[in-house]
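Input: structures, listed below.
Here come two complexes built around chain A, the first alongside chain B, the second alongside chain C.
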Partner chain A sequence: MPQNWTAVALSRDVPPQVVIPTVVEGRELAVWRSQSGRIAAWEDRCPHRGMRLSHGFVRGEALSCIYHGWSYNEAGLCQRIPAHPDLVPPDAIRVPTLTAAESDGIIWVTAESTDRPPPKMPGFTPLRSLTVEVPASTITAVSASPIGEDGDLRLALAGIACLLLVQPLPGDRTALHALVAAGTSPTAQASVSRALEDLRHQAETERQAA
Partner chain B sequence: MTDNPMLNEWYPVGILTELTSEGRDTLLMGEPIHVARDAGGNPVVATKDGRCLPVRARYGHVWTSLGTPAKELFDIPEADQPGRRLVDVGVVRVKCSPLRAVENFLDIAHFPFVHTDILGAEPHTEVQRYEVQIREEVDEVWATKVKFYQPQAAKSAEGGITTDYMYRVPAPTVSILYKTCPPRPGEWDVITLFVQPMAEDLCQVWPWMALFDDQTPMTDLIHFQQMIFLQDRSILENQLPRLLPLDPGMEIPTRADMTSVAYRRWLKRHGFTYGAQLVAA
Partner chain C sequence: MILYDYILSPDCYKVRLLAALTGTKITLRPVDFHPGGEHKTATFLAMNPSGTIPIFEDDGLILTESSAILTYLAAKTGPTWLGDDTPEMRGRVAQWLAFSQRLSASIGKARVHDMLNKPADIEACRKAGTQCLREIEAALVDQRLAGHDFLAGDRPTIADLACFPHSMLAPDGGISVDPYPSIRLWTRRVRALPGFIEMPGIHRLHDLKPEPGPIPERV
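Up next is the complex of A and B:
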């Protein structure tokens, strides 16, 4: 069964009242966390003038567009148009939303409707994310590891068991969300982080040589 | 582009005082052109294959056209009014549709969010009803009786005031703003947006001003406007789609957007679609 959840970020990299841009299956998205901690993934476009919502700002449980301040509630419905403070916006003004969920410190997004919860990665703890200027196929070639059905690539870095959640991005780029074996010491985690950067360097060099 | 009415319009391609005899290369609607001055100091514009283009030297800028303009360059009577300081602000290159650059200039509702604490500030976000018309006799879009609260309306303004505005669109990539003039009540400051369409999704913006302001140093006037346009650029380069949608459905206007609605209608009526998309993608 093909996986339908894509890992897009570590939970701790999107703290409350922060919004970031990302791409899932070619769709440009704004992923954001409300003040109370709720995570959401929306189309990265305000229906008013097409401005990217990932440039917007979070107040309370709403995301606002930076262009004209139109704010959208957790369902993606426009709830306020500052140019017309007394107007109740019609329900037709809404941002298309996707499903976002968190599992063990990872933010997952799916463009499909699903009953299946996001995958679990037992025995691993989130380390960091990084973007590599190569397609996912180059990562698998360089690491000599296949990608599992949850987008997970398992390998040893600095001699420690690691797991990379692979997120394909447009323009032959790839985001890697790295996890390490639970209980790895901070010193060893730093070594894994450096090994990860070496892997990136190796993949990008490989790419240039090809 | 064979049947493109926008080819016959005038466009800014440089600042008069910055012309050199060597000249410089630039792009107009995808066509490479060369802008220079001749031995007599007059501006000359030619295509790469040596075709000389019509030229006008007006409002601090060189104007040209790739086609045969049916109309003379639009008039700004205030440009000749004694006592005004004429300010060539410079150039800002923006990766956006030239039409989106104009539309943004016609918009006041973004002031509190994009030009925060300068041209607008929360909670003063309301846009009062104003008047918009396409003036058939001159074939221009006009918005009048526009009012907005501004914390610092101009370099010469101290403290917040409610500013009156009028907007005028005399050509598809030109907008002229008339604005309350703090030191001289009863007169209007003139701030223009001259846009050079380089490609459908790339333009150069040449703001120009005719102000009643004897006090503010020229560099401060220029820096103030450049700061405003750089703030606008962060918006303009992040709108999707890149081209301006002229058909309804792709974007949702409200009453505050009446000027933009009229502008889009006027563009569509004239077939001014370079930088626009007609079918909702």
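Up next is the complex of A and C:
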């Protein structure tokens, strides 16, 4: 079965009222969490003037554009235009939305409609995300580990079992969302974090040499 | 206390920000940095031979390095901002104050190249700037694992103020800040501090203010 969910961030890195930019299957997205904790993935463009919504801000259950303050409700419908406070915006002013879901502290997004829930990563706990200036193929070459069907790459870092969720980005870049074996001490997690920096360094050096 | 100031300068902004956060009144003297180059005139060179801004003047004392100004202003108006509770914290603050020079030399330089057409090896500046941001990101991960929200400990200090402006303004120099989730949350924590003030490119958290009016009802 082909993978249709992509890991885009750690849940911890998108707390309530935070919006982040990301890219899934070439589509630029704004991933954001409402005040009540609902996660959403939208096209990263305000229908009004095309400003990136990931530059915007979250009030309550709505995402607002930084440019003119147009705000969009959970369905992506424009609910308010500050310059025309009494106007009910027409339904045509709507941000295209994708499906976002969370599982074990990871935010997953899919551009397709799916009944399949996002993958589970039992026995692991999220550590950190980092971006590497190489395509995913270089990561697999350097780590000598294949990428599984959920985008998961399993390896030992600093002697600890780790799992990297691989998110391909445009421009031959790759985001890695790293998880460590559950129960790993904070000190050992810091060692894994440094080992990740080293893995990135190796991959980018390899890329330059190639 | 007089600050010779330029609105677009992150190093001047650090000083304005600390003054705002400690509730200190300082006198601002705007400098025609661009296009006038006023900071290179004889009057300014007499105060600061290195021909840079900010310049800070208080009671005959003249300071021209932003980290020194932050240290002096904190000692005088808000000593908790110095972060000298323990030798370790003091060391960390000194580390980041020194580190902020690398931010100015990379991101700061890329920014004046792109915004004000100043000459620079732009690719080298961007590469060095990215390296700085990666180091801050990694340090913030370490701090989180140790239970700390800020660069030098569990409260904001001048270390955070020294490094936060360039970390937000990097896109002005063509350096993306998208890949750094810990920096994003840290800059939000700084912007949420009571008394926070903005500069062009660093805006306040609009989500902290209520919606300016009711949502028109759909019928």
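The rule is simple: the second predicted complex is superposed on the first by the 210 of 210 C-alpha atoms of A that agree within 3 Å, B and C clash if a C-alpha of one lies under 4 Å from a C-alpha of the other, contacts with A are read in each partner's own complex, and residues count from 1 in each chain.
Just so it is clear, contacts are C-beta pairs under 8 Å (C-beta built on N, C-alpha and C of every residue); 3 or more make two chains touch, one makes a residue touch a chain.
Not measured: the values here are computed from a predicted model.
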Chain A residues touched - chain C or chain B, whichever exceeds
C
Once chain A of both complexes is superposed, is A:T99 in touch with chain B (first), chain C (second), both, or neither?
neither
First (chain B), second (chain C), both or neither touched by A:T140
neither
Touched partner set for A:V58, first chain B, second chain C, both or neither:
second
With both complexes overlaid on chain A, does A:T125 touch chain B (first), chain C (second), both or neither?
neither
Which partner does A:H48 contact after superposing on A: first (chain B), second (chain C), both, neither?
first
Which of the two partners, first being chain B and second being chain C, lies in contact with A:H68: first, second, both, or neither?
first
Is A:P82 in contact with chain B, with chain C, with both, or with neither (first, second, both, neither)?
both
Let me check the overlay on chain A: which residues of chain A are in contact with chain B and also with chain C?
66, 69, 82, 85, 87
Complex contacts: residues of chain C adjacent to chain A:
134, 137-138, 141-142, 145-146, 178-179, 181-182, 184-185, 188, 203, 205-207, 210-219
Going by the contact rule at the top, pick out the chain A residues touching chain C in the complex.
9-10, 13-15, 17-18, 20-22, 57-60, 64, 66, 69, 71, 79-80, 82, 85-88, 127-131, 175, 186-187, 189-190, 193-194, 197
What part of chain B is in contact with chain A in the complex they form?
109-110, 112-114, 122, 125-127, 234-235, 238-241, 245, 250-256
The residues of chain A that touch chain B in their complex are 28, 44-45, 47-52, 55, 65-69, 81-85, 87, 92-93
